[in-house]
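One chain, chain A, links the two complexes that follow: it is found with chain B in the first and with chain C in the second.
After this line comes the complex of A and B, so read on.
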């Protein structure tokens, strides 16, 4: 009985507090709470630390330096307060953390977690509570279908067909002019990213007239990739494609160099755009292709990279980072146009509005940007240049990739 | 030709596995500490090598001369401060094993947390000795070959030291029966502490050598703990020669499967071999049967 009355007392105190907080915030919110669960530890931490966390920190700091987000409804800027949880690269943990952010911390907006798997995992929670989910580190073939099922979800990096289709087009063009043979050696990591992209490639490459002569997957954490490089070398393919994760991307480059395996076209997965890649390989990056890219004439991205470097002391990656920052800018503009934390209206604005971002003007189609950023890039003269899709500023693909320098 | 290439690649990979497992063998086999923070030791040493190389321009081989004594000292302190109380209160070997698993599990998070604070979660990598060496028409990376060399030298040297010297005999006596060892005037605590610290120094050697060719971050320590555990148990707890052989078997298996069967099955093959060996010899390849 004692405990019971204690409980009631606690509950009534909580209710009073909630009421007080409720009336206060109805008049004038002291802050806009933004919450996110992100992989600060575990296998995803490496990616999250490059592509996502620095963007969050930078955007929040920039907005708060200006005084916060401008809310027209109360006619003043409201600073952002951040609540951050570590999901430990675990999807159940991420779902729990997002639930907690919504129900206990009562955040106004949510940022997405890192990676395809976790974004899919928390999708239903974002949808249940009606929070916009601007996923910018997820590539999934189900993106169009998901955007229909969860209209609050936005898939900035698009589908795997988008990347593989662009690659197949580029390869077919080179093959037609006789610069490469039709043979492709492909390896992929046995995890979400590698499975999705290699599956798409198995369809798209033959359709474009290319032939897969070597096609194998390898488990996460493989510590020696030299047998795969040796097999690819023996296959006689002019094109080597690897849908790999950062540690493997580095190891593959290292091993290809050691084995003097210099295919005419060398396409590697996540990591080629990480700052450590040019840092480690220098001039030997020349001709290596991967996802993402930059164009020399885009002042917006150049300035973004400069600011990022000034704040974090290192460069962002060339793919998800800039797209992610653009998505945050879009969220900011959507909130300020709506003028209050009205999530359905913010989602509507994101779906239909046109936004000014570091990538240029973006208008979403079916909750995904179309031709808004470089899908594929290639290291050319120490600059990671966009080579697809065909949009203004596109660079010609350099084939063959020059031989490795010692 | 392909056979030779796969064999050499397998030996080199196996050498790395053995190298990384040698330290655990000492810590678990002699000091009786099942060190779950083992992989973190590998990564700390990798970061130290990276830092010395990028900030100080000190090449990792010379870096070993700094890192190994430091690792010895740190591990000795860890044993003295954190693990000796466990050793003291443990009445049975099984109890010490359970206690040390729990204690080092905690240590794992402390070390990982410190690394995250110092270096963040990003990937690190540097290039050292990433040059081709041609052996009988097969090209191998020099840094990986070096790791194999270190594994062989360290493994054999330790094996000889343990079997042929007086101190080595004392260490083995402690491994076999700590109580009886005490009765014949061996300072069991000192020997165990020294073994644990020496194990820690070996871990660091593994970390430094591995950092020359693997990309690492603060979170991947557990990968090495797992691999080392398999190697140690497969080779026979406390037996350094077994550790070397088991590492090489794993390396060869992985490379052969990747070359002739499917790279996707390397992990499955590793565990299949592990299982097969344990079914035939539950005490490990070179282990003594438990009484």
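After this line comes the complex of A and C, so read on.
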């Protein structure tokens, strides 16, 4: 017994020494390691390359140019060291890469992967090790539930109801003042995005007093959308809504123009907010609506776009990019306020704090930003202006959309 | 007989030791072990059928995906063993139907058909989800830990090896070897070639389906593109061929080095992975066309010849 307790005492002394050694080395970290696994190859690579990777590179460069993240606990700036892996657009690879980052590379912080599927796949790993997960390229109806299940996860782009609800409100308002009739023609792509949003629309539109008179889905890769356009035209709806992907968004605009189909409200999906869209359609973008948007008078966003262009030689998109950059700024401020790499405290700060970002001030509610960014936008005088939700700087919706110019 | 007993004893010992891995491994090592076991089951199940018959199948992910989808649909409403049983049943029925319809094909036609099968099932699932359930992408919130996934896979590995061992020593195994050597001769010998082939195809598909079902809770979210990812089929094929498809333990010798190689390349050269992996495959095909088991056999034959005089 005597020997036993001696052993325990020796062991506890050793443990204390080890702990002390641990804190001693933690006091003078040479770098803060940030790791991410992202789709550099495979079907997700395109999206990751537009919305996510440029933001990561830009943010890291800016922070390191200043000397790193300011850690109050040691009173100096510590530069960021990046470790990146390719998840090959594969859930299993993503899970394993994040495990590797945490247990082998022992990173201090993690960045999220691209897309709804992969963010959900790595969610349990982020949660198991207690790393904040600031997902900004995932739209999921289960976001509120996920935030409860994994309190370390933040869902910046929100739910599909959020987007469709805003659209239904805008339409109902126009219908009440008699600018459009109650009929809506809707088409949607048969993939995650189109299915979720069209499903939400089938509930939200009738609730707002609108009537869905045409509702069709089309498979990915459909080239000829003119039959759908012709049917939508015949349906007598003043409002045309398409939950489409970039190639079909461009095709729809083209083919609607050819068919002289110029509905009073024209809402198209992903792609309207890409830089190539105004490049291709010029003045004909006027009045076209979609997701995302910009504030006319927000200097922060304007400066962000300028910096992005200077570093990468291209514009960011009008939706996820700026939200993503804002989420990185929030992470930075949370770390600097906590003053050390204390992940539970950083998560707590993210949940409760108010942050200055390129989008303006953001405070999260239930791990999601509320009215922090433009959910819907419309091309107005060559500027992709935010029209919903109702927040400072909101622009009035232009109805009807002007006719196509030749 | 004694040799058989030794093999069984060694296998049982290895299994017993491997069961302790979750207690000593950290998250990443466990993750790697799960990856190895996943492919060990798939490649060995693939070899069960394709090894003796020499029918190259690219349908692996079709069954793997059926298993994963069964969990996505039923995982939250039924007890876990029941879900596994339903997955097994679904996979087997599909294999049976497909087997009777197509195992009369041979050569490159069979390869193309099996590749098409995975794509067909993916499209059918997509169509169903889009038009009937109106959701694409399902959430799998099942309370199953990584350790439990590991143990289930380990059990499944033991089962697939046991089954393979038993089949090789049975009349069915002999019949299949004859079919692999010459199908016409086999038919003339009075072997019911179609029944034998279908039986084994179904059996092998059952294991693949179970494997998919066990792996599904790892990903939380499943859509047809994730569940029916054709890369899985090709990877299984390459691993089995590297190891050597004419021995039961052959695929294992391909799975372990290739999984580790993928891991090494992904960790060290994330930006050049695709190029390096392509070079590695070419090197494998040119340098060891008969697989690692072929190399081992060659070496041991040379040793024996050297020792004889």
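Here is the rule we use: the second predicted complex is superposed on the first by the 380 of 406 C-alpha atoms of A that agree within 3 Å, B and C clash if a C-alpha of one lies under 4 Å from a C-alpha of the other, contacts with A are read in each partner's own complex, and residues count from 1 in each chain.
The definition used in the following text is that a residue touches a chain if its C-beta (ideal position, glycine included) is under 8 Å from a C-beta of that chain, and two chains touch if they have at least 3 such contacts.
These numbers were taken from a predicted model, which means no experiment stands behind them.
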{"item": "Chain C versus chain B on the shared chain A, clash or fit after superposition", "value": "fit"}
{"item": "First (chain B), second (chain C), both or neither touched by A:120", "value": "second"}
{"item": "Touched partner set for A:260, first chain B, second chain C, both or neither", "value": "first"}
{"item": "Touched partner set for A:142, first chain B, second chain C, both or neither", "value": "second"}
{"item": "Contacts of A:92 with chain B and chain C, given as first, second, both or neither", "value": "second"}
{"item": "Touching partner for A:276 - first (chain B), second (chain C), both, neither", "value": "first"}
{"item": "First, second, both or neither for A:217, with chain B first and chain C second", "value": "both"}
{"item": "Which of chain B and chain C A:43 touches, first, second, both or neither", "value": "both"}
{"item": "Touching partner for A:187 - first (chain B), second (chain C), both, neither", "value": "first"}
{"item": "Partner chain(s) touched by A:323 [first = chain B, second = chain C, both, neither]", "value": "neither"}
{"item": "Smallest distance from any CA atom of chain C to any CA atom of chain B, in Å, after fitting", "value": "5"}
{"item": "Those residues of chain A which chain B touches in one complex and chain C touches in the other", "value": "40-41, 43, 190, 217"}
{"item": "Touching residues (chain side chain C, partner chain A) in the complex", "value": "26-32, 35, 38, 126, 129-131, 134-137, 139, 141, 215, 218-221, 223, 225-226, 229, 231, 263, 266-267, 270-271, 273-274"}
{"item": "Chain A to chain B touching residues, read off their complex", "value": "39-43, 45-46, 48-50, 187, 190, 216-219, 221-224, 226-228, 230-231, 234, 246-247, 250-251, 254-255, 257-260, 271, 274, 276, 280-281, 314, 406"}
{"item": "Residues of chain B defined as touching chain A within the complex", "value": "2, 5-6, 9, 12-13, 16, 112, 116, 120-127, 130-132, 139-141, 144, 213-220, 223, 251, 254-255, 258-259, 262-264, 266-267"}
{"item": "Touching residues (chain side chain A, partner chain C) in the complex", "value": "40-41, 43, 84-86, 88, 90-93, 95-97, 99-100, 102-104, 116-117, 120-121, 123-125, 128-129, 142, 149, 190-192, 195-196, 198-199, 217"}
